[in-house]
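One structure follows; several queries about it will come next.
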Amino acid sequence: MSKSGRFSWFYFSSPQSFYPLAGTLQPWFAALAVILCAVGLYISFFVAPTDAQQGESYRIIFIHVPAAWMSMFLYLVMGFWSGVGLVFNTRLSSMVATALAPTGALFTFIALWTGALWGKPTWGTWWVWDARLTSELILLFLYIGFMALQAAIDDQRRADKAGAVLALVGVINVPIIYFSVKWWSTLHQGASVSMTGAPTMAKTMLLGMLIMALGFWMYSIAATLARVRCVILERERHTDWVAAEIGAQT
Amino acid sequence: MLEARQLECTRGDRCLFTDLSFKLGRGQMLRVAGANGSGKTSLLRIMCGLVSPSAGELRWQGRPIRDEREEYSRNLVFIGHLNALKDDLTALENLQCAAALSGKPADVGRMLAALERFGVAHCAELPAKVLSQGQRRRVALARLALAPAAPLWILDEPFSALDVGAVVELELLLAAHLASDGMVVLTTHQEVQVVAHAILRVDLDLHTAALRAA
Amino acid sequence: MKPRHKRFILVGAGIAGLALSAGLVLSAFQKNLVFFYTPTQVAANEAPVGKSFRIGGLVEKGSVKREADGVSVQFVVTDTAKSIPVVYRGILPDLFKEGKGVVTQGKIGPDGTFRAEEVLAKHDENYMPPAAQDAVNQATAKKAAQSMVASEKGK
Amino acid sequence: MNWGSWQNFLAMGGYGLYVWGSYAVTLIVLVAEIVALITRRRGVIEHLAKYYAARRRNHETEA
Amino acid sequence: MIRALGWVLRRDLLLAFRRRGDVVNALVFFVIVVSLFPLGVGPEASQLRNMAPGVLWVAALLACMLSLARLYAPDHQDGTLEQMLLAGEPLVVLVMGKVISHWLMSGLPLVLIAPLLGLQFDLPGDALAVLCVSLLIGTPVLSLIGAVGAALTLGVRGSGVLVALLVLPLYVPVLIFGAGSVGAVASGTGAEAHLMLLGGFLALSLVLAPWASAAALRIAME
């Protein structure tokens, strides 16, 4: 993902040189994801204590919150790379945006699903139409719309650019999701971890949640790198290096 | 002056042309030749600024057209495959809208004169949908006869669906435009009888875009 | 007009539009635009009339009374300034407790009692083990006691 | 944290269905994505191998 | 700039006038959808009154969305869109003209006929007034957002369903606050906050949507 860009943007902005780099990095991120999730799950179930209010049902937080964070964060990253692709006409950034969308949509789905399962025992309902829940649902539709639009357009360059415009229009939704609990009085509780102010969670609970979030992050990078490799092969099939790569694979 | 620098165009997996450079000066005509699917229309659309080339750039009066899109558009008349006529508007209204949108509104007398040149003045009050294919093409071409003319004309198969009389009329119009230091870019399958002090030719069939002056 | 001037005008209009939009949205937030109403708002007649709406607040301590049939329950929702009595027939969520947040949907009856159709618990964003919760409770009680003493002394 | 027994662990203080329902679906979704990625990669490689083979044959017959 | 905008507007209104049928169809669609609900739900006045804002707004949303297909597609087919991209004026301005004419032909008629339909649902007078105001502020937003969707899906296969998928989620806030304003005034809590938010959406989409739509059109024409 953005990792490549940091040390040598120009070299790795070509699909040909990014492809092997992604291949090298991908297993490491995957391994990190497995380790972090394992540690996170251990803390979530065996170290973090019961919650005083909610009992054991709060343990859903360890996937719900990281998934919700990822759903918003991945959309921002997708919007960023879409914008870069639109402005600088760099193929790789458009490919990365395309590769991010399915993972983002999955995390949005997970956030909604676990939220429903958490809401039933604590609030007493699977779903309410409050601002936080509604805007998160719209985020899912935006991801789906992005994928559907790209799939419907045959010309690759146009698909990338049209998707980018849609992604950028949809970015408005992300701050609405994030701040909805502050702006409106919602059923959804406020943020336990915020940029300002101390977290309102017991330390071990917070630790478990943060490690799980880190694990999801690594997973997202690994999944995106794997997908972007497929996308590169498909789109660069007319080049000699892809022909050579496929020749080596088979 | 219009200058193309190392233009490249790819559609899907196919590279239509690459490293295409030419210069088109005042009073010169550029004829783009090539077989079907060789990228003639794509080149014309790139030259209009409708499509950005996958590499290279176009310069108008020394400045990239990307930077001054509207300014460039005002110096340009493009007549493409489609006639850009609204079926429900009359020939006159169509011409009026086209002129207004290109930033050069004209009065009715001039427009009727332009239609007259292509022999469609009697259709001026008819909705475009009742016109024949040839008549519609003539109405579209009447934009060229509207004075004051934009310096650069880009025409995609302007002679298609025209009868002999209209072909001659268009050739005269092109010659007059070139004589008054205008520039013309066109694609066509038939030979053009236009007197001009330079007719350039780009042949897209020869992939390396050989350029020769006639 | 040069293209540069046009772009300038367009960008200026855009910025003005954004400012107008921000102003309108922010002043809308000053007004009453809510998922639920507080008892104070209901008392000030800001809540809808003759229509189902939600009230939110805390369940007043010691106000929860269960009827003999086991499914009907009465309690009082308060925001510490005003309070509204609520009657409800149905299953309460697990987090429904005295002194905790609640959001309930229903209509106000002619006697001023809120007839709830749905009761939802609203929990806060604090997560801590029971022992820590006890400590917090004790601390707040102590603080409250101290402030009582202080105010007594002040008199 | 000591759960005492497997039953306690699975029961999650009475919220077993909700907690395990969340974790199970998350696991299923993520595993499904991984499987989809692996099959996609195989599919792409297979498809492109055929594509290049067809192109080679085409060149040979032309030549 | 203003003159170019005026010309686009004039041309589109003239075309709409020559093809009155299309405008009338959208309006009839709106009326029929709204009138179906009392038939399906039953004639109980209080229930209808509660449903009215939502029903009217959803029907307005759908009617507006259906007419999006006519926004750019005909111009795309006959080549006039190409000429618009080559006009000597910023494309944003021309897009604005297209959007205004779309609103005049699809949004404004809805606003005018909505009070009549509101009577069908037994809405009180003040609620009818707020319904009109909310539609007046809200339907331009629908046209503006719709213009982005229409431009993005221009000439794409299956664009009818796709435009719904792209545009409807973005319509949600307008629906919530549009219908909410009528509901709020019907239940005695003022509608100012809702209308102000709608106004905020309108200002925001007036700024952003024409740019996005113009960018999408350039992309679509490549």
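So that you can tell them apart, the chains are marked A, B, C, D and E in the order they are listed, and the count of residues begins at 1 in each.
Note that a contact is a pair of C-beta atoms (placed from the backbone, for glycine too) under 8 Å apart; a residue touches a chain by one contact, two chains touch by 3 or more.
Given the structure is predicted, the values throughout are model-derived calculations rather than measurements.
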item	value
Neighbouring chains common to chain C and chain D, by label	A
Chain pair with the higher count of C-beta pairs in contact (B-E, A-E)	B-E
Farthest chain (mean CA position) relative to chain B	C
Rounded Å distance between chain B and chain C, as computed from the means of their C-alpha atoms	67
Interchain centroid distance [CA atoms averaged], chain C/chain E, Å	35
Geometric centre distance via CA averages, chain C-chain A, whole Å	32
Multi-partner residues of chain B (at least 2 other chains)	52, 70-71
Chain A: positions in contact with at least two other chains	49-50, 55, 57, 121, 155, 237
Per-residue multi-chain contacts in chain D, two or more chains	none
Complex contact set, residues of chain E against chain C	1, 50, 89-90, 92-93, 183-184, 186-190, 192-194, 196-197, 199-204, 206-207, 211
Interfacial residue positions of chain A with respect to chain D in the complex	45-50, 55-57, 59-60, 63-64, 67, 102-103, 106, 109-110, 113-114, 117-118, 120-121, 219, 223, 226-227, 229-230, 233-234, 237, 242-243, 246-247, 249-250
Interfacial residue positions of chain B with respect to chain A in the complex	11-13, 52
Residues of chain C touching chain E in the complex	1, 3, 6-7, 9-10, 13-14, 17-18, 20-25, 27-29, 31-33, 45-51, 53
Chain E-touching residues of chain B, taken from the complex the two chains share	48-52, 70-71, 73-74, 76, 78, 80-89, 93, 97-98, 100-103, 105, 127
